[in-house]
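Structures given as structure tokens follow.
Heads up, the next two complexes both have subunit A, just with different partners, subunit B and then subunit C.
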Partner chain A sequence: MSWADLGGGVLRAALPLAVWGAFASGYAARARDGRMLASARWSALGALGLVAAASLSMVGALLSHDFSIRYVALNNARETPAYFSAISLWASLEGSILLWTTVLAGAVAFVAWRGTRGLPRLASTALAVLFVMLSFFLVLVVTPAADPFVRIDPAPLNGRGPNPLLQDHWLMGLHPPLLYLGYVLFSIPFAYAVASLILGEGGDRWIVATRRSALVAWALLGVGIVAGAWWSYAVLGWGGYWAWDPVENAAIMPWLVATAYLHSVMVEEKRRMLRTWNIALVIGAFSLTILGTFLTRSGVVNSVHSFTQSAIGPLLLGYLTAVLAFSVGLLLWRAPRLADPGPVGTPLSREAVFLFQNVLFVAATLTVMLGTLYPLAVEAISGDQVSIGSPYFDRVEVPIGLALLFLMGVGPQLPWHGASRSTLERQFAAPVLAAAGGAILAVLIGLRGPAPVLGFALAAFVIATVVQEVQRGIRARRTLHGEASWAAFVNLFRRSGRRYGGYVVHVGIATMALAIVMSQAQAVQAEATLAPGGSMQVAGRTIVFERFRDVIEPRREQVVAELRVVDGSGSGPLAAALTYYPNATGAIGSPGIRSSAGDDVYVILAAYDARSRAWATIQVKVIPLVSWLWIGGAIVGLGAIIAALPTPKRREQLAPIAVGASSAAGAK
Partner chain B sequence: MAGASPPRRRGGIGGRRLLVLTTLAIAVAIAYVAFQSLSASAVYYLTPTEARSRQIAAGATARLGGQVEAGSLRYDPTSRDLRFIITDGVTRVVVVGRGAPPALLREGAGAVIEGFFSTDGSFRATQVIAKHDEVYVPPSPSRTPAHRTPRRRLRRRDPPQAL
Partner chain C sequence: MTARIAILLGILAVAVAVAIAAAPRTEGAEQRVARIAAELRCPVCQGLSVADSSSDTAREMRSVIQQRVAQGRGDDEIRAEFRRAYGDWILLSPPLLDPRGAVWLLPLVVIAAGALAVASRVGHPVSPTPTPEQLALLRRRASTEEAVE
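Right, the complex of A and B next:
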């Protein structure tokens, strides 16, 4: 039996299971029928097993270079190394949808086995919703829309090989799966929210039930976005990491809405407010994941007219429309049951900060969407092709980002319900001093202009608020539980993980803000044409072009410029290359990067003498603090892990930590 | 309304009204800046023929898409002057820039150049965006490049006359 028979067969077997699962779990929720629920559970497990087998078949086909499968012939070659063969599972449309379907099947099985224990009716209804989604994606992969196992007869002797950009860096194995996991896991909160509406529940049980999955989805998406920026920095060879490309925008929009949601649920949990709003945010985040897939997978960003060339575009658009119509309709129908007990009151309270924060996150999403979709609208209306470049996004999103940074510092310092003047003074004295210090430091190191200086000041402000909170937490634990300082520090994160994990995330974001400010404002660039042995000076460093080296491998050929970076502390080798792949029309630049905590030296071989190797044009960028962008992303991930870890069972009853320090009021 | 809201610590005008007004003001300000910047940042994508027939004003940013004419690419490694002709089969436009051509810019292949027309009718490139798609598609005027287009900036911050 061939890989195609196996993969295609198991996918076709999974579809009826998913359809049955939707029916069984829906019926189980309605009739409270335990046997049907059991049947739905086993269907979920069966569907997961089958879809996972299909994914593994594809990986097997890629690894064994089975070119009788069209997807393999188009995305793999005999010369492709095993690692890049395996990760070609997500190199192109059909494989990506297969991976998506697999992750979704995993989410379905998770809810079927874990979720239905505590809240059988809510979870069974959510399970039915998830099974319907899974059925949709299974329809995609068993019809020509995105069937990964379509065959070619006769099979070619060799395949075309993966897109060169996808076989140039190990990060390609990390960035897409993280993004897909994030995208797909948003289905769980969405399904619970819809289930809560269907059942007419007024409460926030669905929020509690999906707290962890929403957090994990958000974190995976966020880390996936940072990994993508890193990949783009390491591979694309322009020394940047973010270009407001439609693909990047598609990934960041759901993340922005989800960030708003993670904060506004706290208002609902504490004050029973914003119920309708929270459901709307979950619907928004989930719909944006589909919009993102539609934008990136249908070809619509190339041209409005190209998306009808494959069946996937209209199908995804139809799915998006159906999801929106169904969930918004439900929300409007059930809105009267979701009435808030009271409006948010005073501006100087934590709930008001969350409100402002939500407004800003939603505004950021809508403005990114405007810039992303505007070219499509213009083309559809007038036929003109327009692009919206980074000036638009920079002008709009930078102020919003700074305002959010400000609120990130302010929010945790304000008590619920409202603050008095003495609270304000006590809470903000140290952070405001830190902000002033940050601003002065920014000016001293040569930053000019309001945005970079404010960015520095606000990042310092945020970090200072977190330090202050942690100090107070430690002091409170020492007083209340008599713990040693280090034990109190560890226990803050273990026992109040959600709150202090959140602060770690804040530190990660502030770190990234500093990295963005410095790498944007103080990067230095130079370009020179050098003969072998020649050198150039950039930002106090000498770059020596030592020699050319030609590398010929079966799958590619490289022209490598071997360089040496010499600075005060020593010297080190660095190589920049142009790589030629047989399936690409031009060379792919492979930049050389020498990272340190202070800055990166980024070298690009821009041009070379093809005949006699007599000269090379070398472009050098010295980019300060850019590696802190990836470190900041890792800190965000760490914070999310701390926040998502289950809290150990408490022996002692924690009195509200806040008796003495009012800021800590309302801590869990 | 006031009865349901928590006790106010601060006096003055109603906290809730202040909150609503602030929120509205933020939303309006962001919408204003967004729409202002949108029209200012829109860069039109044109073929050489369209660019000629619409008489794009000198200095206005545009993207020019077409094919790099075979035999026209000249790069002087010492001065780093770059010069080539971009054509859509009907109209030819001379493109000048400074800096090494991106590896993807090849004679006979499609390319999109961002820049502006100077008064002598040549196009001053600020950024070369060579096409690089998953599947190679011959250049056609009705397609702009998108996904993950490697781009290189050519002295973008310089004033126009420096080129």
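Right, the complex of A and C next:
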């Protein structure tokens, strides 16, 4: 039996299981039928097994270069190394949809086995919603336009090989799966929110049940976006990491909405407010993941990520419309049951800060959406072509980002319900002085323009608030539990992981803000055409062009310029190359990067003498602090892990409903 | 009291630093070329500006901008030249004063509307004891939640 028979067969067998699962779990929720629930559980496991087997068949076909499968013939070649063969599972449209379906089947199985224990009715209903979504993807993945196992006859002797950009860097193995995991895991909070609406629940049990999956989805998406930025920096050879490319925009939109959501659910948990709003945010985040897939996978926008024009566009658009119509309709129908109990506290309360923060996140999202869709709309209506790019996004999103940094420092310092003026003054003295220090430092190191200076001031402000909060927490634990300082420090993160993990995330974001300011404002670049042995000066460093080296491999040919960077502390080799792949018309630039904590030296081979190798044009960029962008992303991930880890022993208690209503909690 | 003075001094220091950094400076020719190039789209790239791209086309466009700046042409004049050659598409963002400049308004409208909506709900003191309506609501909710399970 061939890989195509196996993969195609198991993929088709999964659909009946998913449809049955939707029916069985829906029936189990309605009739409280334990046997049907058990049947749904096993269907989920079966569907996951089949879809995973299909994915593994594709990986097997890629690794064994089985060119009788069209996808393999188009995305693989005999010369492709094993690592890049395996990750070619997501090198193109059909494989990406297959991976997506596999992750979704995993989410379904997770809810079926873990979620249905505590809250059988809510979880069974959510499970039915997830099974319906899985069914859609199982239909999508076997339509001719997206079927990964379509054959080609006769099979070619060799395949075309993966897209050159995708076989150039190990990060390609990390960035797409992280994004897909993040995207798909948003289905879980969405399914629970919809289930809660279907059942007419007024409470926030769906939020408690999906707290961790929402956090994990948010973190994976965020780290996936940073990994993508890193990949772009290391591979695309322009010395930047974010271009407001439509696909970058598609990924950042759900992340922005999810960030708003992670904060506003705290208002619901503490104050029983914003129920309708929180459901709307979850619907928004989930719909934006589908919009992102539609934008990137249907070929309506041009981007480094869009694969060929595809017929699955209309299907995805139909799915998006159905999801929006169904969930928004449900929300409107149930809105009367979700009425908020009372007004927000004073403007100087934590809930007020969260609300303003939500406004800014939604505005940031709508701006990105408008900027991404506007050129499409203008072209559709008038046929004119217009561009919306970095100048627009930077000018709009930078002020919003600065305002968010400000609120990020203010929020944790304010108590729920509001605070007195004297308390506030005590709490803000140190952070404001830190902000002043940041601003002065920014001016001293030569930053110009209000935004970079404010960026420094606000990053310092945020970090100072976190330091102060941690100090306060340590003091409190020492007095309350008599712990030593270090034990109190560790226990803050273990026992109150959600809060202090959140602060770690804040530090990560502030770090990234500093890295963005410095790398954008203080980068220095120079270009020179050098003969071998020649050298150039950039930002106090000497770059020596030592020699050319031609590399000929079966899968590609490279012209490498071997360079040497000499600075005060020593010297090191660096190589910039142009790479020629047989399946690409032009050369792909492979930049050389020498990273340090202070700055990166980024070299590009821009042009060379093809005939006699007598000269090379070398572009050099010295980019300060850029590696702190990736480190900041890792800190964000670490904070999310701290926040998601279960608290030892004592289970986290639900906050009592609104105003001293312990009777309500007791009545349950 | 000392805290209040510290806060006021800190804010003052930030304001002075921002004012210093925002002070207008004379722009060198190189910076002008970079600024104009950053606002133009590289026609052969995917969403990169002329300033960011290392493609041949972008390099040629940069040298054209360099020549125009050296000839003493104004920013608008240089932009208009590229606009004539490539159409509106070459500008990476629509000009503010243009029918299509409406795209700049939306973020302001959303923030203003959202801030108003939040402000209208903020500022009411929260009563320390539940009102009879709140208690009734809570009881009702508790009983429905029980019924759900």
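In the analysis below, the second predicted complex is superposed on the first by the 641 of 668 C-alpha atoms of A that agree within 3 Å, B and C clash if a C-alpha of one lies under 4 Å from a C-alpha of the other, contacts with A are read in each partner's own complex, and residues count from 1 in each chain.
Basically, contacts are C-beta pairs under 8 Å (C-beta built on N, C-alpha and C of every residue); 3 or more make two chains touch, one makes a residue touch a chain.
All values reported here derive from a predicted model rather than from experimental measurement.
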{"item": "When subunit B and subunit C are modelled together on subunit A, clash or fit", "value": "clash"}
{"item": "Which of subunit B and subunit C A:L181 touches, first, second, both or neither", "value": "neither"}
{"item": "Touching partner for A:T296 - first (subunit B), second (subunit C), both, neither", "value": "first"}
{"item": "Which of subunit B and subunit C A:M36 touches, first, second, both or neither", "value": "neither"}
{"item": "Contacts of A:V432 with subunit B and subunit C, given as first, second, both or neither", "value": "second"}
{"item": "Partner chain in contact with A:A587 - subunit B first, subunit C second, else both or neither", "value": "first"}
{"item": "Partner, of subunit C and subunit B, that touches more residues belonging to subunit A", "value": "C"}
{"item": "Partner chain in contact with A:W615 - subunit B first, subunit C second, else both or neither", "value": "first"}
{"item": "Subunit B versus subunit C as contact partner of A:A352, first or second or both or neither", "value": "both"}
{"item": "Which superposed partner A:A419 touches (first subunit B, second subunit C, both, neither)", "value": "first"}
{"item": "Which superposed partner A:G449 touches (first subunit B, second subunit C, both, neither)", "value": "second"}
{"item": "Overlap of the subunit B and subunit C footprints on subunit A, listed as residue numbers", "value": "237-238, 243, 245-246, 302-303, 341-347, 349, 352, 355-356, 359-360, 363, 367, 370-371, 374, 378, 384-389, 391-392, 395-396, 400, 417-418, 589, 606-607, 619"}
{"item": "Subunit C-touching residues of subunit A, taken from the complex the two chains share", "value": "119, 121-122, 199-203, 205, 237-240, 243-246, 302-304, 341-347, 349, 352, 355-356, 358-360, 362-364, 366-367, 370-371, 374, 378, 384-392, 395-396, 400, 417-418, 425-426, 428-430, 432-433, 435-436, 439-440, 442-443, 447-450, 452-454, 457, 589, 604, 606-607, 619, 657-661, 663-664, 667-668"}
{"item": "Footprint of subunit B on subunit A - complex, ascending", "value": "92, 163, 165, 232, 236-238, 243, 245-247, 296, 301-303, 305-306, 341-349, 352, 355-356, 359-360, 363, 367, 370-371, 374, 378, 384-389, 391-392, 395-396, 399-400, 417-420, 527, 529, 578, 584-589, 606-607, 609, 615, 617, 619"}
{"item": "Contacting residues of subunit C [partner subunit A, same complex]", "value": "2-4, 6-7, 9-11, 13-14, 17-18, 20-22, 25, 38-39, 41, 46-49, 52-54, 56, 59, 87-94, 100, 103-104, 106-107, 110-111, 114-115, 117-119, 121-130, 134-135, 137-139, 141-146, 148-149"}
{"item": "Complex contacts: residues of subunit B adjacent to subunit A", "value": "1, 4-10, 15-16, 18-19, 22-23, 26-27, 30-31, 33-34, 37-38, 40-46, 63, 75, 77-78, 80, 99-106, 109, 114, 130, 132, 134, 136, 142-153"}
